[in-house]
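My questions all concern the structure below.
Residue numbering begins at 1 within each chain, and the chains themselves are lettered A, B, C and D in the order written.
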Amino acid sequence: MKKVFAGADEAIHDIPSGATLMLGGFGLCGIPENCIAAIVKKGINNLTCISNNAGVDDFGIGLMLQQRQVKKMISSYVGENAEFERQMLSGELEVEMVPQGTLATRCMAAGYGMPAVFLLAGIGTEVAEGKEVRNFNGKDYLMEYAFDSDFAIVKAWKGDTQGNLIFNGTARNFSPLMAMAGKITIAEVEHLVPVGELDPNSIHVPGIYVHRIFEGKNYEKRIEQRTVRKKG
Amino acid sequence: MGLNKEQIARRIAQELKDGFYVNLGIGIPTLVANYIPEGVDVVLQSENGLLGMGPFPFEGEEDADLINAGKQTITTIPGSAFFDSAMSFGMIRAGKVDLTVLGAMEVADNGDIANWKIPGKMVKGMGGAMDLVAAAKNIIVAMQHTNPKGESKLLPKCTLPITGIKCVRKVVTDLGVFDITDEGFKLLEYAPGVTVDEIKAKTAGRLVIADDVKEITV
Amino acid sequence: MKKVFAGADEAIHDIPSGATLMLGGFGLCGIPENCIAAIVKKGINNLTCISNNAGVDDFGIGLMLQQRQVKKMISSYVGENAEFERQMLSGELEVEMVPQGTLATRCMAAGYGMPAVFLLAGIGTEVAEGKEVRNFNGKDYLMEYAFDSDFAIVKAWKGDTQGNLIFNGTARNFSPLMAMAGKITIAEVEHLVPVGELDPNSIHVPGIYVHRIFEGKNYEKRIEQRTVRKKG
Amino acid sequence: MGLNKEQIARRIAQELKDGFYVNLGIGIPTLVANYIPEGVDVVLQSENGLLGMGPFPFEGEEDADLINAGKQTITTIPGSAFFDSAMSFGMIRAGKVDLTVLGAMEVADNGDIANWKIPGKMVKGMGGAMDLVAAAKNIIVAMQHTNPKGESKLLPKCTLPITGIKCVRKVVTDLGVFDITDEGFKLLEYAPGVTVDEIKAKTAGRLVIADDVKEITV
């Protein structure tokens, strides 16, 4: 059971150009910073990325976009990212917009071995085009397929050498779902601990879903919208 | 004339009932949290995976792992719970969230809503909006009554790509409060200083006036 | 937000005869002992019970069977229960057997607002009779519907006054899934704590799914198969 | 003659590879855990919601909240994780469990299996058996070669209600080790003291003998 890797370079060593990747995170919250840096360094390209967002110009998946490593983005919201916009408008980048809950549930379906699910989102909209509509109890649902991905890349708060993962706060978001959906799942963690240190009642992703794990370094954990209130 | 954003939020806050679980969208809806009535206990859901959203953190106490669906730094309150995005939309889809408040570019008199895409402009995506409008059991839209050109946003039919069909239950604008009914928009309350005739003039969709129409109190 | 009830009698006060109940637990592990006792005491009957097992003769749902309160059982395994067998063979008790994973997933589907799911279990067997079969990627799946239940009754280890639940060990089993699936969900807990005492990262069922909660009493926590090894 | 239960378990344990996640059914399969080869690290899954099942507890240390799918008291090992039943069968369905070992009443030469119901007898239910056989990616059946009446349990077609179709990959009985192939049961190994002719006589389903058939070493 050799799941522990030295670092991101080793963990992503065999991701080929043209692969389909799931990348955890919501905005810049909970993104796999180390793996993204390693993918940028390695220069693999032609990637299809399933990720709720596409980062900002100079952080997150935005770094991969800068290097033109991404062929297609499957996202729910691509926000503020000038390079993304340029590539999309010029036709260099293919973009598929998926409702956020649909994105999450299609990941979950993959991890649970369910080939398709019925969801309400998008009924009557352009998202429904070409999709099967089915009525249950008087309500229309879209049939949505489980996502297929070669690698899932997530960042967790704590993990053990068996691959068990625990996330912190809203940095959880899509990451457990993607971790369960990857053919090969790579987890970078802030704290890698020996087996036995994590409470077995509190594991978010059991190690059976995680193939590679390493302790990440130099997390920036950038905040996208710093909103505060004054004391007193 | 008419309500300002805070007053729209204040009026919507009157719809909150004790024990409600509420999802507030970005913009005016977010402000509703500031006006929760005394004695009314509501729990705020953030669709990125949190029940029990608290106010913004004090300066210096921001946590990168703790944001809302608008990607703003927030806090939790005692009794909060984190979960993944599938469970988050699962609870919305299963009707566990009592009220969803969101903004819109257009609302049609049958409850259709458009708020995610303007043809010809950069498409940023629907985020969670399509899930929320399709699945939430009670949706209130908070928006300006007219667009910057003065054109009505309460329409017989949405002109923009729609986000969801027949889903809006109530609309609160700077001019009034409207239920969506089989007869179209039903004016329940008008803003102080606004006449019913002005509302008629600025509403392109079908409009009926409630028998007991009255002035908004905020 | 008044979710806290004094006890089982109060929490189950409005369950009518003829209701459909989900009851958490695997064998006798993690069963809602207090609520079962209150249901027996109240004498409501004609119940449809969705539960992985049906207890033993003198414990768990077996106690409800003794009082002839159950019209129909939907279970995966009904094991050793003489009274159950008698009622089933005499036609007093209707029994529907559902594969264990299908049972779990049909509960999950209800809690996640998914009207139906596609599952592998039972393909080619009598379980498939009358059900829609659909092929995805060369494999046949059965379409299985989400369960509908009036009340879900579960037992958790810890809960707070907001209804957040944490389970212990394998006493978790079906209980979180059922808790999320009930139109009205009643949770009895070994330890009821004030809000703020549970780690928000470790909640198994967020309070939004739980309508009533109380601290149970006198848990017997009977062991069905006591297997041990000798020291040394 | 032939293998006893412990030897069947011991032979199956040779199929374990380092890093395997394994689900062991009730009966002989459970015994496999006692014979995991030196240097092979496997994690046992119990479908009631546990990865990392350990041995039975010491007397007096039983925990009612900690049982396996056979409802026996067990322990955990460092690195174990608990989860709900939907995730448990989700990971099986998604092919994350490398090997499932279970008992059977009948196996057909196309891989069909019957192990849940005998018409006319009390029906106890399929438990997780149908889920496991339909979804597991690698299934080994551990059973006696013949029933108490001496009739073959390796059949051209199951006579009992089936649990799953075309799912068994390998069968280990007291008499031999068989792969399920397009040609039917393929005898790979025979038990010490058992002849190939005896196996032929006691196998009702199609049977082919591997070119390199050899004696089982346990």
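One rule holds in what follows: contacts are C-beta pairs under 8 Å (C-beta built on N, C-alpha and C of every residue); 3 or more make two chains touch, one makes a residue touch a chain.
Keep in mind it's a predicted model, so treat the numbers as computed, not measured.
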Chain hops separating chain C from chain B, counting only touching neighbours: 1
Winner on C-beta contact pairs when A-D is weighed against C-D: C-D
Euclidean distance of C-alpha centroids - chain A vs chain D, Å: 36
Geometric centre distance via CA averages, chain B-chain A, whole Å: 28
Approximate Å spacing (C-alpha centroids) for the pair chain A, chain C: 33
Sites on chain C at which at least two other chains make contact: 105, 112-114, 119-120, 167-169, 172, 200-201
Shared-contact residues (touching 2 or more other chains) in chain D: 76, 82-83, 86, 90, 92-93, 135
Contacting chain pairs - touch in the sense defined above: A-B, A-C, A-D, B-C, C-D
Chain C contact footprint on chain D (complex, rising order): 46-50, 55-74, 76, 82-86, 88-90, 92-93, 112, 122-131, 134-135, 161-165
Residues of chain D defined as touching chain A within the complex: 18-19, 21, 41, 43, 45, 51-52, 76, 78-83, 86-87, 90-97, 135
Residues of chain C defined as touching chain B within the complex: 1-2, 110-114, 160-162, 164, 180, 194-196, 200-201, 203, 206-209
Touching residues (chain side chain C, partner chain A) in the complex: 105, 112-120, 136-137, 139, 141, 145, 166-169, 172, 199-202
Chain D partner contacts - residues on chain C that touch it in the complex: 26-30, 52, 75-79, 85, 88-89, 95, 97, 99-105, 107-108, 119-127, 157, 167-177, 204, 221-231
